[in-house]
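Down below are the structures I want you to see.
Common to both upcoming complexes is subunit A, partnered first by subunit B, then by subunit C.
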Partner chain A sequence: SLASSASSRRHRTGEKSWRFANFFIFNRLRLLLSLSLPNQAFSSFVFRSAMEDEIELKTAPADFRFPTTNQTRHCFTRYIEFHRCTTAKGEDSNECERFAKYYRALCPGEWVDKWNEQRETGTFPGPL
Partner chain B sequence: MIVLKWLFLTISPCDAAEPWQLGSQDAATPIMQGIIDLHHDIFFFLILILVFVLWILVRALWHFHYKKNAIPQRIVHGTTIEILRTIFPSIISMFIAIPSFALLYSMDEVVVDPAITIKAIGHQWYRTYEYSDYNSSDEQSLTFDSYMIPEEDLELGQSRLLEVDNRVVVPAKTHLRIIVTSADVPHSWAVPSSGVKCDAVPGRLNQISILVQREGVYYGQCSEICGTNHAFTPIVVEAVPRKDYGSRVSNQLIPQTGEA
Partner chain C sequence: MIESQRHSYHLVDPSPWPISGSLGALATTVGGVMYMHPFQGGARLLSLGLIFILYTMFVWWRDVLRESTLEGHHTKVVQLGPRYGSILFIVSEVMFFFAFFWASSHSSLAPAVEIGGIWPPKGIEVLDPWEIPFLNTPILPSSGAAVTWAHHAILAGKEKRAVYALVATVLLALVFTGFQGMEYYQAPFTISDSIYGSTFFLATGFHGFHVIIGTLFLIICGIRQYLGHLTKEHHVGFEAAAWYWHFVDVVWLFLFVSIYWWGGI
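This part shows the complex of A and B:
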């Protein structure tokens, strides 16, 4: 009787144990369907604020090069990409603005200020 | 009917620590709901094992009492029971491990690009929040400090040691990325209703992805010893409807977009 009740329990728990995975997969599919913007690099939602400015909710996308919790290198890499882009394409290039938004979204302001100072004094420790 | 419903069926979710609270706070994110469900799954097996072990223990103490049964029976081998008592715990461990690992890996999975990035920077002994998605220059568009409201300044109905002057305003039902770091010593950004506890390590950016599913105000406290006022640096997250998010955030501080 212990064995049979264990097997019936196993069946119920077996269903429950895949509910987590199914829950997230289901939500992922649901959200992908609701985001009718397949070609954009970032998810964006547009609405109007009380000030009649259109505020689009978008930010740096999840980068597959940095899949883990530690995003320090992500922020650093975006900063370097922006500055490499400006040296390659000129200071006011629009394409580089994308990288600028990414690093500003990810990096704390103090880090950015410190790196800007280091760049000015020539002591920036990165492959610019 | 609606009046009756409002009078008697208003649900007030538990999003802050309650006195003598035993269970979890109410879930506001899928992660927390997953954690609560996992807890219920494991608790079931825990009660089974507890009852079984207590039963065996009490039975052994009862039947082998030195006055009633002076000669204890010596059993040295028993192949069947040895096999059973090895197999059954392994099966129970598997039932506990399967939902546990499913939750663990799905918590880390970022399946949808976040819509907003908020940086939570820990200081001694307050928090700074940066919303930098909209700057056009390196000047921060929205940065504010969040200090605990001291006990003498609390209004009636506010929680002691939990209220702050500036709350983190986030849109509900939106994927957020929260980057947690520290400017001095390690802190930890924890909001139990959202199932979030993330260490704020100086020099490191830790990312957490959450989706707050309902509007409300969620409280948490610093969870890594950081000095004298470690107990006095709480976190308050306020989830507002997405259409109100823009006006709330722009009213919080005068944005400095575009200024040099």
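This part shows the complex of A and C:
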């Protein structure tokens, strides 16, 4: 019975690692799919190469600071980062364009409009 | 009297105070709702109800003192009732404050995007924790030490000293309340100023209310001690007041650390 329990233990461990690998591969496939398919939910902007008629779709990269499904804080943080960048490096700086793409990908348009309006009237509550 | 009953329990005489307290509570609640909605006479009913409740407390507890100190019904086993009752009441008060600390933590640990994701929110000029709050922090525990001094004096039979100790306790308590009131008056933000104001004033406000109740309880203990009601073996009312006072003290320490100090960083 000792031998059988040992073999069953090995089998159980094997099963667990298979399940983990499965989950890992599944998530990678999901990410690949989200980046490759022209789906409105995933993609945010289209990049056309001048040489070939190829559509490249990108979105903001996953940020380990915001692991949750609710990405509100991720959107807000990128918005703040963009504006801090423009304050520090000047408007129309190339480095800040990266942050701009991120927040435009993540944030709903209504939020961005509301925050822009708040910034203009001086009532934006965030740490710009 | 107590010799004629062959048990050591207290079967109370019929009393009108429970029903009068209930009527007062009814008037308070109905009046309160009327006051907060557009009904005539709400304020009057509310104040009438509150006065009625206060009156009921006065006469009910006066009767308890009469039955215990003057008529001798409070044997050791009867004393267990008020003892455990006070402890359980204080536990329920702990739960009450737990709710307000939870509310404060909920809003301050992960500040919402709508207030800018920062704490304290933009525009709130927080009170410097190292000024009045820091001054108040030794005052309240000192009055807690004074009440312990009073307790030891009672246990040692030093009746005059016990009165002095209670006077010291109450004086320190009044100083604390005075400073808090002053700071409330001069605070640059109000209860309506964002979730910060709400959680701040609710937590500290209820604490202040409990300080005032505790102070009143201690004043009554001081009067009773002066009148010679308390003996070194039997002073449950005093012990309840002392426990309540220590509870109030501990809540202040939590308030200072979490709301004044951490909340202002």
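The rule is short, and it goes like this: the second predicted complex is superposed on the first by the 76 of 128 C-alpha atoms of A that agree within 3 Å, B and C clash if a C-alpha of one lies under 4 Å from a C-alpha of the other, contacts with A are read in each partner's own complex, and residues count from 1 in each chain.
Quick note on the criterion: a contact is a pair of C-beta atoms (placed from the backbone, for glycine too) under 8 Å apart; a residue touches a chain by one contact, two chains touch by 3 or more.
Please read all numbers here as calculations on a predicted model, not as lab measurements.
Q: Of the two partners subunit B and subunit C, which one touches more residues belonging to subunit A?
A: Answer, by number of touched residues of subunit A: B.
Q: Once the shared chain is lined up, is A:K89 touching subunit B (first), subunit C (second), both, or neither of them?
A: In the superposition, A:K89 contacts neither subunit B nor subunit C.
Q: When the two structures are overlaid on chain A, which partner does A:T72 contact: first (subunit B), second (subunit C), both, or neither?
A: Both subunit B and subunit C are touched by A:T72.
Q: Touching A:G126 in the superposition: subunit B (first), subunit C (second), both, neither?
A: second
Q: In the overlay, answer first, second, both or neither for which of subunit B and subunit C A:D113 touches.
A: Only subunit B; A:D113 stays clear of subunit C.
Q: So subunit A touches subunit B in one structure and subunit C in the other; where do those two contact lists coincide?
A: 72
Q: Touching subunit A in the complex: which residues of subunit C?
A: So the residues of subunit C touching subunit A come out as 113-118, 121-123.
Q: For the complex, which residues does subunit A have touching subunit C?
A: 72-73, 76-77, 80, 124-127
Q: Under the definition above, what is the set of subunit A residues touching subunit B in their complex?
A: Within the complex, subunit A contacts subunit B at residues 6, 9-10, 13, 16-21, 23-24, 27-28, 31-32, 35, 42-45, 47-51, 53, 55, 57-62, 67-72, 74-75, 101, 104-110, 112-113, 116.
Q: Could you please specify the touching residues of subunit B with respect to subunit A in the complex?
A: 30, 34, 37-38, 41, 88, 91, 95, 98-99, 102-103, 106, 108-117, 119, 121, 130, 132-135, 138, 140, 143, 171, 174-175, 177, 179, 181, 183, 198, 203-208, 242-243, 245-247, 250
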